[in-house]
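Chain IDs A, B, C, D and E follow the sequence of writing; residue 1 opens each chain.
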Amino acid sequence: MLDDALIPEGAKRCAFPIFIIGIIIVGAVLLWGVYAMFLCWFKGLNQTNMNDYYGFALWIWADLAVIAVGGGAFFTGLLKYIFKVDDLKNIINFAVIIGFICYSSALLILAIDIGQPLRGWFIFWHANVHSMLTEVAYCLSCYFAVLTIEFIPNILENRQVNKVPFFHHLAHNMHEVMAVFAATGAFLSFFHQGSLGGVAGVMFGRPFAYREGLLIWPWTFFLFTWSAAAFGPCFTLMVTKITEIITGKKLVGDKTVNLLAKISGWMITTYIIAKIIDTVYWAFVTVPSMGFELGHFYSNNGFYGYWILITEVILCGVVPGLLLINKSTRENPTTRTIAIILGVIGVCLNRWVMVLQIMAVPVMSFDSWALYIPSWQEVATTILPVAYGIILIAVAYRYLPVFPQELELNEPADAAAQN
Amino acid sequence: MFPFCFEWVWDIGHAIFFGGFWYAISILGAGMTYCLLKAAYDTINDKGDSHH
Amino acid sequence: MKIDRRSFLGLGLGAAAGVALSPVGVKLTDDSSIWTQNWPWTPVPEDGKITYDRSVCSLCPGACGISVKKINGRPVKIEGLDDYPINNGGACPHGISGLQYLYDPARIKTPLKKNGNKFEKISWDEAISLVAQKLGEIRKSGTPESLGLITGADSGSMAQLFERFMDAFGSPNTYNMPSLESNLALTAAALHGADRNLGFDLDHSDFILSFGAAIIEGWGSPVACIQANASRRERKAKLVQVDYRLSNTANAADKIIAVKPGTEADLALGICAVLLAKNLIAGDVNTSAFAAMLAKEYTPEKVEAITGVKAADMEALAMEFIKAKAPVAVPGKGRGDVGQSLREFAAVQALNALADRLNKKGGVFVMYPADYLSFSENVMDDAAKQGASKAKLAGSVNELVDKLEKDGGLSALFIYNANPCYALNNPEKVKVAMDKVGFKVSFSSFMDETALRSDVVLPASIFLERLEDVVSGGGLAKTVVGLCRPMVKPIFDTKHPGDALILLAQAMGDSIAQSFSWNSYDACLEQVTGKIWDTLSGDGYVVIDDKPPVGTPATDFTFLASAPKAAVPMGEGDYTLVPVDKMRLAVGSMISSPFAVKIISDKVLSGKYSVVEINPATAGILKDGDIAVLKTAMGKALVKIGFNEGIMPGVIGMPRGLGHAFNNPYVAGKGVNVNDLIGPVIEPGSGLDAAFGIKATLSKA
Amino acid sequence: MSELENKANDGPEDGAHHGTDNGPKDDKGLGLGVIFFMGAFLVCFLSGWLLFPKLLYSKKEQPFNFDHKLHAEETGDCETCHFFREDGTFSGIPGLQACMECHTDEPMGESEDEAVFVEEYVAKGKEVPWLIYAKQPDCVFFSHAAHTVAGGMDCKTCHGHIGESSSSRPYEENRITGYSRDIWGKNIWGIKKNSWDRMKMDDCAECHLEKMGHKGYCFQCHK
Amino acid sequence: MVIDLDKCTGCGACMVSCMSENNVPFKEDESDKKLSITWMRVYKLTNGKSFPEAEIVYLPRPCQHCGGIGDHGHSPCVSVCPATATDYGYDTGIVSQIYTRCFGCRYCMGACPYHARHFNWWDPKWPEGMENYLSPNVSPRMRGVVEKCSFCYHRYQLAREQAIVEDREIEEKEYQTACTTACPAGAIVFGDLNNPAHKVHQIVKPDPHPDPMNHKVVGKSRNPKVFRLLERLGTNPKVYYMSDREWVRKAGDNYLKGEWENVKTHHGASSSHG
């Protein structure tokens, strides 16, 4: 094949043309998104269906969602390098790549979302340290730097690149001190995941969002960090599963998978308990003190009903949690996969509620519910990162030794793999 | 962001926030610098083959 | 040696490092953001010396004093003029938007001549000589009376100048657009004798009985009325609103008397009957025939049957009215202009007369029109004398439209301050009538529906560009003459219509020229207002009269005694469609400004749709926000359903002032013109179009 | 890390099979790379420092030369021409009318600037299109009254010694932002020595903090 | 600022006056109010009954210039702005902003329960020639930034300059907002809430102490007819509303079933002194 020299030693990859065709197909979707992106930049945000009631909409949700599911990177890193859970080395590379994709996407979406992209740097230069968004911006960009650093060695391990002694050594040395980077990453993640929760929690003008809390941090701050740590691994596992299906190979050993699933399970369960407590306190103490009954937030409109609360907390919270802490259901591929998918849906739904439902709920007694449907430009720019992610994973998988176990798990002569 | 920025005030809020920020930045910076220098050093010392 | 990729790598890195350590990055980052802060396509208003200049607004009959803020002589803001006798500091949304009219690119920028169905620009000289020549031919043909004039101006020097031109030319055919002023004058003429006005002393009344008059929504002199209402609340004076929907006025009222649309007159007469029966009426005016009719036709039971107001309630209301210290009954539902009947006005005024409220503080003033203009004797040659002495073609503008539509009769027509092709009911008919006229000259500032149909347009400077006397009207209980001053030189190649008229007259030559011997309108104004010019130009206004006239005028009830029929709404249908006047929407010859359109509620205009008020109780299958087909004998339109608990079941309220059809994306092409759906019902005896509404059907689109 | 190292070890030999460049060449390449690096670095570095500022700013001459020194001597102070209006707003650069209070349609003196003034502007009754060195953007509100009257500040503090100049220096405009160069300051890094070298927000803030104890609220200086 | 809702006729003069005073742009279609920039918006409230018992009230809503919880100046919008493009003036109590600093994240819009903040979704465009009426006292905003009512701060600046050159204090009548001066019904009263000589203070009689029933609330009115919008949230607005009608006062905030009956008679403590 054309690119043999680049493909990891001994690994089987699909024929180059097939690979290219795949890339082109996904690339088309990517270009569509890029086109929409430029429309938003040059014509302004009138290209979206946002309005003065929906200052935050699909994009901010996408942002929160990808960062939440990207949380798998920092949490896995934390376990691997700080708590020395060595089995995770089999999935850490992939976790990092996924994290890298999620965070780069998040930054891109933010760059499209703001009305004055060329002034975006004001958030750093003229920072208001009391704003949760400032905290988000800082930690987000710093942690993205960390992810890049964590990703570099993997790139340097490409067969050709690695031949350059300098790069070879660089990769080696970076692995040596990776723990330090991972620690910093964990620290940063804790804060920006949290402050993303804080973004909603501090809005005391918006009873649906407002939460009491600890010092300057509303409870949502901790809930967001926690949920990211809990559901992030689910996403890592889900993407691994998908990759395995597409490549038709086993890439990560069951031991590792089950371990991560178990950890995730316990995190989810503990998180959801906290979440339930928070919701109950909010519903029966916080909100009534502002003159609202719980029903106000789930009635008199065409979309937001109690179903969304139940789906998020019970169906996509309690259920996956239990499925994953229970040994038999965890080690059964079907139930495990179901739990993982439910978990990912759950965390995305939580972020949706904490962005869009807040905007939809009327606060003034004479105001009314506001519902919104995104414009195609918004949808396209939101799909853009997905396409970009697929391409990056495809390329990484093809040319980098992402899965240390790949060779041993796919002993001799398995059929020519598909990409 | 910097003490000479318009918004900068010497208060606890800025101390904590930017303290954390610059701390993180310096660790990352130091870490990378170390790796790069070390890598350069190794490259020069072992001509091509690196045995440990 | 060999240049490999590493050399290029070095090259790239070197360049990057070099740039990074130079000021380029920092400076460009900063400058690019500064660029976004000063985008060349975002206007930067010129700064300078701030001055304030005073004038009078003549957009509507309100005649409010305004203060214009200028920067280096450039007007930037209009506000109400403090201690001006009419509006003392207050202003309305339309007056404040004045500058949008001034700078509107949709204005007519030069004289125009119709060529086929296109307009072509011509110079003023061409325009004037063209019109002069056409009119010349008409005079030669010996039928000067075939020149018509449709005007919205009832008073002031411009109205008289046009009259003078018509006389000098030799035509009696001057017609006024229906307005509250003209309706009140007609009422006064019918009850108290010709050439009088009615003024309602709302400021001092302690019990206002309004028969649907939208007192705080544009009735009469809007700002003055709103202020009267505000002071009423402080004086603890009562307001009782007779209405079929919760208008803002009804909402502000202490009590609402719900009547079936179009039966206000019957209620008024019913109250008269009660007072008569209880013998609570003043003096012994010649009420014999009238009294007999009241006693016979307007017994409480009969009135209840007609109006739907409980007999007991009506009697109670009558007693409350008569027992009040200074009660006054106010006619003219909505703005009191289109769709009014003399019967209704007269009935309400009769109530005032019987309750002895004429020329009393807090009552109705029967006033003589402000007499401050003294034109020199009009020079009329024989042709003029003959023509002017001929009978008018019709009694009112509505009858004129009928006449023209049927068998023509005018060979030329002037239109000034009027937009009959929009403002009259059934505009389609008006357009047909207009097409029967050979030669039409418009003095409009904007290319409105009527100007579009004229053959020559002599564009008028707007009030901010001209000098003019503005007389208060609108049922005010005082007469104030204000001076409208030019705040800027005309923005476009427009002229003061007075100047245009003078030029025209002089171009016509002989006797007409002699009648218009001034060298400019400004000179003319100074001369004809000689008596008060100094005060007028000094203070900016002259209060002619603000006290109750002395003596009680006689009242002649014969018109009412003749038992005029009430107008019945045309057509079939289970709903009655009625137009609704909104303060935020301009009507008549005035077009809403972009700002006014911007502030219209989405319960009035939604996208391209007019929203109609309908009580959910009688909405049938229709739901709030549905698009529905509204059908009447005159035509049908797509409208949006707006549920409104505040309107009488079975009634459809539709905003008036929308649906303009000309080229201005900010104010036209929005909603439908309610007049398109209503057919005129001409009232015998007055010639008024008494169509207060029309039967209609609604069906889901 | 184990297998990573393994891979690293057999890296070079493996490369040899494919005949791509290996060990020794690398160093040369690197050396050459270094030379290229230095070259590119110097070029970009210097152009960034020397050429860039030239490109960024355009030079414009004033309509004609104005002698502040002379006028100051004649009138004795700044306020005669740069006065406050009754309402407390500042008149800024005087208009033709103000000039004509002293000037006539006859040139005063021989200078050709005087001639230009009379022929081009006085005769034609045209305002002189002065280019304002201290022009702030539209978003800025600056009250001269608050600073010079209430605050008792000296014109020089912000405007420097323009009052003593006898000739008008060229007006430099930033091609991107349209700002006068005086706002950012002559120094390309925006470093200033005197209070009047720069007129950016930070300079206002600095002084406000010092004098008022607070940098001020948005609307105090923005509109 | 105090607005007498019983006087307000909903004529809209305040909105127009505001727009022409502050260079607010307009579009061809403004009927989607969620995309319509109106610093001052007049809401229409109804009591839900049917004709002829139906009642309405018009409620003009400028920026409420919140003092935030405990009136410490942490307004809902100010505390969240990441770029310090909006702040709370402790001297005037006005929430001010720098349009050129704002980079359009719209967090403040989300945080404001009154929808008082509006985003420039489009480039402001005036029909050819109409930009001639723009006022130099307020800078036109560009696409992509948030804007809101400023209590006509520029009028304060102009009054201040006059006062400075005449070496005196600003008088009450010298600084009035555009909506106040325009209102034909005289429904809007504007002045310094802390100045006992000013009419607003005399009407509102704000209680300077925290409300014993809700410590977030400061400056509760001691006038039983006066209320604020969403007072319970602790936003502490500087705009007060006045009405004789109980249902109107109730509509100003949210109450649990039966709660209103207990709190409707609760006002700022008359014992405490301003």
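By definition in this document, a residue touches a chain if its C-beta (ideal position, glycine included) is under 8 Å from a C-beta of that chain, and two chains touch if they have at least 3 such contacts.
Just so it is clear, the structure is predicted and the values come from calculations on it, not from any experiment.
Path length between subunit B and subunit C in the touching-chain graph (shortest route): 2.
Of all the chains, the one whose CA centre sits at the greatest distance from that of subunit C is B.
Central chain assignment: E. Criterion: smallest distance from chain C-alpha mean to the mean of all protein C-alpha atoms.
The greater number of contacting C-beta pairs, out of the two interfaces A-E and B-D, is seen for A-E. Centre-to-centre separation of subunit B and subunit E, using mean CA positions: 48 Å.
Note on chain placement: the centre of subunit A and the centre of subunit D lie 45 Å apart, centres being C-alpha means.
Here the CA centre of subunit A is 62 Å from the CA centre of subunit C. Each chain gets a centre from the mean of its Cα atoms; for subunit C and subunit E, those two points are 33 Å apart. Taken residue by residue, subunit D touches two or more other chains at 5, 8, 12, 22-23, 26, 87, 89, 137-139, whereas all remaining positions touch fewer. Contact with two or more other chains is made by residues 32, 84-85, 100-101, 123, 139-140, 143-144, 158 of subunit E.
Chain contacts: subunit B has residues 6-7, 48, 50 touching two or more partner chains. Those residues of subunit D whose C-beta lies close enough to touch subunit B in the complex are 5, 8-9, 12, 22-23, 26, 201-202, 205, 215. Chain contact summary for the complex, subunit E toward subunit A: residues 32, 34-35, 43, 45, 59, 69, 74, 76, 79-85, 101-115, 117-123, 143-146, 214, 229-230, 232-235, 250-257, 259.
Subunit A contributes residues 124-130, 134-135, 138, 142, 145-146, 149, 165-170, 172-174, 176-177, 180-181, 184, 187-188, 191 to its touches with subunit B in the complex. Those residues of subunit C that touch subunit A in the shared complex are 29, 32-33, 35-37. Interface residues of subunit E, counted against subunit D in their complex, comprise 85-92, 94, 96-101, 137-140, 150, 153-154, 157-158, 160-166.
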